[in-house]
Amino acid sequence: MTIILTAILILLSLALVFGVILGFAAVRFKVEGDPIVDQIDQLLPQTQCGQCGYPGCKPYAEAISNGDAINKCPPGGQSTIEALATLLDREVVPLDAEHGEEKPKTVAYIREDECIGCTKCIQACPVDAILGAAKQMHTVIVSECTGCDLCVEPCPVDCIDMIPVPVTPNNWKWPAPVSDPNLILTDRGRGHLLQEGSK
Amino acid sequence: MEGLLYSIRKNTLGIGIFAAVTAGLIAITQVLTSERIQQNQEAHQARILYEILPRALDEQLHQQTIRVPAPELGLHEPIEIFQAIVNDQVQAVIIPVTAKEGYSGDIEMLVGIWNDGSVAGVRVVSHRETPGLGDKIEVEKSDWILSFDGLKWLGDDDQRWNVRKEGGEFDQFTGATITPRAVVRQVAKTLEYFDLRKEQILRPSIQLNRVDDDE
Amino acid sequence: MTRIYSFHGGIHPPDNKRQSLGAPIKQAPLPSRLILPLQQHIGKSATPIVEVGDRVLKGQKIADATGFISAALHAPSSGTVTYIGLQPAPHASGLESPCIVIEADGLDEWISKKAIADFRSIQKKALLDHIRESGVAGLGGAGFPTDIKLNLGKDHIINTLIINAAECEPYITADDALMRERPDEILKGVEIIAHLLEPSKILIGIEDNKPNAIKALRDYIREYQLPIEVVVVPTLYPSGGEKQLIQLLTSIEVPSGSIPADVGIVCQNVGTAAAIYRAVELGEPMISRIVTLTGFALGHRQNYDVLMGTPFSVLLEAAEVDRDKMFRLVMGGPMMGISIEDDRIPVIKTTNCIIAATQEEMPPAPPAQPCIRCGMCEQVCPASLLPQQLYWFAKGREFDKARHHNLFDCIECGACAYVCPSNIPLVQHYRFAKSEIRNEEAEQQKSIQARERFEARQARLAREVAEKEQRRKERAEAAAKEQARKKLEQDQTTHATPNAEAELKKLKTAASVARTKLKKAREALKNAEDKDLDGIEKLQATVAQLEEKAGEAERAWQDASGAKQ
Amino acid sequence: MNEFLLILISTVLVNNFVLVQFLGLCPFMGVSNKLETAMGMSLATTFVLTLASVCSYLVYRYLLVPFDIIWLRTISFILVIAVVVQFTEMVVHKTSPLLHKLLGIFLPLITTNCAVLGVALLNIQRQNNFVESIVYGFGAAVGFSMALILFSALRERIAVADVPVTFRGAAIGMVTAGLMSLAFMGFTGLVRV
Amino acid sequence: MALIHLSSPHVSKANATNRVMRLVLIATLPALLALTLFFGWGSLIQLLLASTTALLFEAICLHLRKRPVLFFLRDGSALVTAVLIALAIPPFAPWWIVVIGTFTAIVIAKHLYGGLGNNPFNPAMVAYALLLISFPMEMTQWNAPFVLLGDHWSVLASFKDSLIIIFTSMNQTLIDAYTGATPLEVLKHRSGMTTEEVWRNNPVLNQGVFAWYGISAAWLMGGVFLIYRKVFTWHAPFSMLVTLFLLSSLFYAGDPSNFADPFVHLGVGATMMCAFFIATDPVSGATSNKGKVIFGIGVGALVYIIRTWGSYPDAVAFAILLMNLTAPFIDHYTQPRSYGHERANRGTGGRS
Amino acid sequence: MMNSEFRKISIDGLWHNNPALVQLLGLCPLLAVTGSVVNAIGLGLATTVVLIGSNLTVSLFRQHIPTAVRLPIFVMIIAAFVTAIELLMQAYTYELFLILGIFIPLIVTNCAIMGRADAFASRNPVPASIFDGLMMGVGFTIVLVLLGAMREALGAGTLLSNMHLLFGEPARAWQITLVDNYRGFLFAALPPGAFVGMGLLIAVKNLIDAKLKNRTQNTTSPSTETSSSKRVRITG
């Protein structure tokens, strides 16, 4: 019986000491603030399209820091997911198809002769990328448009198209070399395949 | 300040309660099992001893030890030798020794010796020899270790105490000479030591209770 | 004698220069159509200052430099501007880019030349402006606008002027031919450069495989009162790379991310020097250059003096191409040039060589094998990079790491790919990685911009809401006062509130919104029915609901407006 | 001195905690994807492991043995470790953001690293004295760190390799750890303990 | 004719990985010859067996991974691996040893990681180490060289008998007849004798050691040939040999009765083979020149340490594997200074 | 409702979120003691009991545990169970206890348990917690036994040897000898073999997962347009 009591007493005293220490530390060394949200926000594409189910990128960043999945942003695509996974030390997962799929980058284009100048699109654009005033035709500032397509739906005359960003020598990207071995088994060599690949 | 005290009180209380309960739980288990555990431990220790010497010879073998200095075996500390005592006479002893020349590390053994100097039995307690090669010194793996039984040490020029490859009488295992050689040499050394310290080793550590037993 | 140092790595590809040195420089035929891309240089595209239908004279400026780093463009011959727009142009992408097309009239009529008789007598600023107006851009490689490189007096002190005469790439002999035949032009150009930069010494770096050119230059040097020395360097590709040549001649390394001027050096190509001379002393803007036509698919392999804008096809015909044998058409050298799919593209300021190669000459690379980390690439890399690591990172899309391994210090010289036993198209991997990184950066930039604009908008909206609220309050107060006043007056009027108009408008929009929604839903339903997708019932329900709502909204509006009337 | 060297060699190479004794495998597999994180984890583990060695020795020697309740060792050790870890985490978090960035995120993970408790228990089993305990704990930590850091450098290389899909990730990680362990078998016998 | 569109460069040195591998194979010929001369037909048989099975496993793996089989088979790397395994194991090891070895090397050490170029560990050495720890008995029964065999040499000299030994179950008396300890084993398990005594008493050393020297010379020849043909640089082999030489001289000079002399360390065992054929494996080694030097020093030091104080008779496989696993780390810290980066001679600054 | 929750818990524990194969937790004992099936079963049972016990306790008191000392308390609860098991094993299966050695007390840190107490039991009601403990334990044990069987068969050529250590003398006869006079493939018995074996098990799981995924993909038609279903309009 004594042994039981000693055991309880010893462990109790140990625990009490620790309890005091941790209780003290919990108050004394309390830390506020959570810069992680900003870091997450930095990684999101800022398309502000709402496809993630949150009104804008920042709210989604907050949601992620509170544990939401990192695969809900289609404009960011896989590369954003990977960056987030690295930042948060989470597993890389494929894009959640429920929120849409990764599409090529687009910009809005307003067919000006059809535009009736209703300003609905201006109100819809989260980054103020549409110029124009009531009753005048509107144009999109291509360099500012994030391609979120939020302006498409409100347009009463459906004069806004989302067109893929045109490729020019200035924004053209070198393609990755055709992935090594699988294709190239003819003795015609890599050249021909590259040519086919480049078309 | 208020918050600090509250925090300390809350946390301490929480951790304290759990500490008390868990400690109690463990303590009770301990109390309930301690006896059985002790039995197990003793039985385990004694098991090998009684493999070398039959339990019938002396039930108390595992409790009767005598400390004998062993500079001859290269040890600074005396070793504890088990004695099987029948009628106040030490019938046999079991000497724990370590073979240092194993293939990879020490080989700990028990060497049982009848009081006439012949081997009662040898068992390996622990070793780190290569499984499948050096581990044939375990009695579970091979009968090799039994080949010592009954042999004696005939003095310095006894050529039998070596592996066959080097002119001795003991088989080496295929592909492994070092382990058996280490064991053989250590057993021989132990026998030599026994010869040297026979007097001391064969002096019974306990006498009285045996007489009572016999009656 | 200046000591010669060395740079890391380098290779010795077979130089194949002899073929095109058999004959002197020949005047290329005047084509009927001249195509002039607006971007032939590094920097911003030039801005056209002519219009379709304009007649232009030879040497007349047709496009202005835009912004700081840019170069002007001149008509290479007299004729009519027939088109301004997209045309195939020399670019690795093979894409079309904006060009001015001139239909040559064959008269080759010069505009009046504005030569500067004594360049020492005018202000440096005016001299530089003149060079800028003449559209001179580097002829050695990247086509960097030359006036900017020469306009360093303000923030840099130049100790050394290096004239790049190395011409290290196989096949190319344009500079060699120029040095043999017009060494005086080069040295006169150097004189002008030296006047502008005031270097304490001038080194002409030239590879030892051009003995005639070395001799020609040395012969002429004596006539100039300049601290010039012709330094012969061993033939080793890429000794002509700007950074490598600087290291060879001075042992100085240009720090990563800096320009040579930061270490007191400027490097100009011999051709550029000659072009400066022509622009300044002859008043001829940069409208022609020397181009090496070579490769075994050609009947005549030699150097031509070519007008900018001359389509390759014209030159190939002049050199008696055998189109059946021509397998690969390269603009530039075999190590760094770009391959051309369409021979209608024109010669531009940076076109130093056109190789029409047969299949035996430049066979397609064998399929790439896996990298075995043999390190041969590393041994030859003139930038002391780890090409194999860069390759693994580029392939594994680990761009951050590629960057840490100094991907952006790669000069794309191709030495690594040349020696790689596994035939890996290393340079393309790097180019791919570089463009991905640049793209990512641009996107990052864009996203920051988008965030700022979004936040600005949110702030604006918040402000507007606040203002509205404020106004509403004020109005309410006013209304309250009014009411009080009215009450005081004990006036009795009808129910028409001042807000009725607004109410009505709201109802109207609501109705129209409901209508659009209904329309959309119907469309969706139709679409679904057409394609027989699931969820039709749901859609039908929605449509019914919307119909109801739209009807309601319509009625409400009608009522309201009716009531008003 | 010599003896401490032997303990070090033994714990770092011959009986490497991770590869031979199988302790601390979860963080070994878990935080070895990047070299930098592995280094952070190594630092944190080295710190905690050494400290835990000391604390547990003190608790054992001056509390458990005198009161004859050594069967409370597991619970008291783990308690000590948990508290040490949590306290360190709190302090570091508050006082040095830099250090916290370096170590902070790993500290909580360490409680669940069985190398820490393992060291405490092995110290008793091997009847190490105070200084030996420290050296043993430190050696164990160095062994762990070395294995972890080398492993993470390897994994970075494997990450860009063309590993068959089925094996990508944890599976090839395990195989690699196996081959590392095979390599470490070369040290067998260096120290005969 | 359609013109093709490619990234530069448009020319390349005619130089192929399979040519490199072929050179390596050629360079192993002297060693094969020497092994056959001194130890019988065993090595040749093992080599044939290893080559066939390695190619077979390689083909199966490639097929399973849906890669073009013939294209990759032609690169010859599987053959190099096979040859090195075959020449490293005892010449008369039973056939299944070789088969397990090539399986381990090709399937586990190579293709699980993605095949040629991707494997972090040297496949042949993974196989060797695995065999050694799994089958220590078979793996330590080296033939005694002909000189020491007396009557039994005829068994080894006969091709047919050799086949029988390898392919049918082992006959213990026969084995005992032709096997003998290797010099390193003799020196290691000397049971208390001084180095000099061992040399004097043991025929393996005072008569047989020349067989091992001969084989080392053959490996060396092959290695020098490969350096001459620029298949690899001198860094790794040279630094390894120098380290081993220095360490062994140091200890030998300090205590000649307990340590083996440097020439034994360089001349017996797999030292030369390791230096020129294994430490130079480009795939699993360090990449930069500095890295290769460190790699070589590491291998040399580990070989000496493990040989002298460790359990295993020869240490090459473990030393290589241990350094393989540090190679990425070495690479990480031996990035060369790139052009225009820190510590460069940047001249007199020009910004005024 | 209830049923589907339990189903999910079991599928999670046994497959999708298996502590050993997926979460890679509890690796140390997993690799250290799987030289034979009996060790594996012994450790697996011990772990399962501790998991159930600690989950139960934590879940019972989950509302009353102050957060600052949350971890120490969890750890203490688990340690108490482990020590109890340890003592019981010493009392009733002493030989097995000797073999498993230090890995019995190490069940405490065995991350599997830590994770469960914190991640599951502290947030779920009692029955679910118990069931979760059971399923996680069983999932873990299955992997242990598989690996144990693999290594025992390859390393020693037997299966179920020494079962008497756990189940008493009659179980001695359960031993199955796969190959007579087996030479033993030592690699499997040594540490490297444990790692590689585990790697192979994980790979097999990946393979099965891939196959399953393929099958489900083939049976369900390509998903209909759902892309905008979750979209939120953030403006006008």
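Read from first to last, the chains carry the letters A, B, C, D, E and F; within each, the first residue is number 1.
We adopt the following convention: a contact is a pair of C-beta atoms (placed from the backbone, for glycine too) under 8 Å apart; a residue touches a chain by one contact, two chains touch by 3 or more.
In this text, all values refer to a predicted model and were calculated from it rather than measured experimentally.
Colleague: Look at the interfaces A-C and C-E and say which one is made up of more C-beta pairs in contact.
Modeller: Between A-C and C-E, the larger count of C-beta pairs in contact belongs to C-E.
Colleague: Measuring from the mean of all protein Cα atoms shown, which chain centre lies nearest?
Modeller: The most central chain here turns out to be D.
Colleague: Measuring centre to centre with C-alpha atoms, which chain is farthest from chain B?
Modeller: Result for the farthest chain: C.
Colleague: Calculate how many whole Å lie between the centre of chain B and the centre of chain C, each centre taken as the average of the chain's C-alpha atoms.
Modeller: Centre-to-centre distance between chain B and chain C: 84 Å.
Colleague: Taking the mean of the CA coordinates per chain, how far is chain A from chain F in Å?
Modeller: 36
Colleague: In whole angstrom, how far does the Cα centroid of chain D sit from the Cα centroid of chain E?
Modeller: About 34 Å, centre to centre.
Colleague: From the C-alpha centre of chain C to that of chain D, how far is it in Å?
Modeller: 54
Colleague: For chain C, which residues are shared contacts with two or more other chains?
Modeller: 92, 94, 341, 364-367, 369-370, 395, 423, 425, 428, 431 - these are the residues of chain C that touch more than one other chain.
Colleague: Could you list the positions in chain F whose residues touch two or more of the other chains?
Modeller: Residues 68-69, 72, 76, 79-80, 83, 87, 183, 186, 190, 192, 196 of chain F touch two or more partner chains.
Colleague: Of all residues in chain A, which are in touch with two or more distinct other chains?
Modeller: Only 3, 7, 10-11, 14-15, 18-19, 22-23, 25-26, 28, 48, 56, 126, 174, 177, 181, 185, 191-192, 195, 198 qualify.
Colleague: Report the residues of chain A in contact with chain D in the complex, numbered from low to high.
Modeller: These residues of chain A touch chain D: 3, 6-7, 10-11, 14-15, 18, 21-22, 25-26, 28-31, 86, 89.
Colleague: For the complex, which residues does chain E have touching chain F?
Modeller: 108, 130, 133-136
Colleague: Would you tell me which residues of chain E are touching chain C in their complex?
Modeller: Spelled out, the residues of chain E in touch with chain C are 1-13, 15-20, 71, 75, 77, 115-118, 232-233, 282-283, 285, 287-289, 292, 331, 335-341, 344-352.
Colleague: Quick one: in the complex, what on chain A touches chain F?
Modeller: 15, 18-19, 22-23, 25-26, 48-56, 72, 74, 97-101, 120, 123-126, 150, 154
Colleague: Write out the stretch or stretches of chain F touching chain D in their complex.
Modeller: My answer: residues 24-32, 71-72, 75-76, 78-80, 82-83, 86-87, 102, 105-106, 108-111, 114-115, 190-196, 198-200, 202-203, 206-207, 210.
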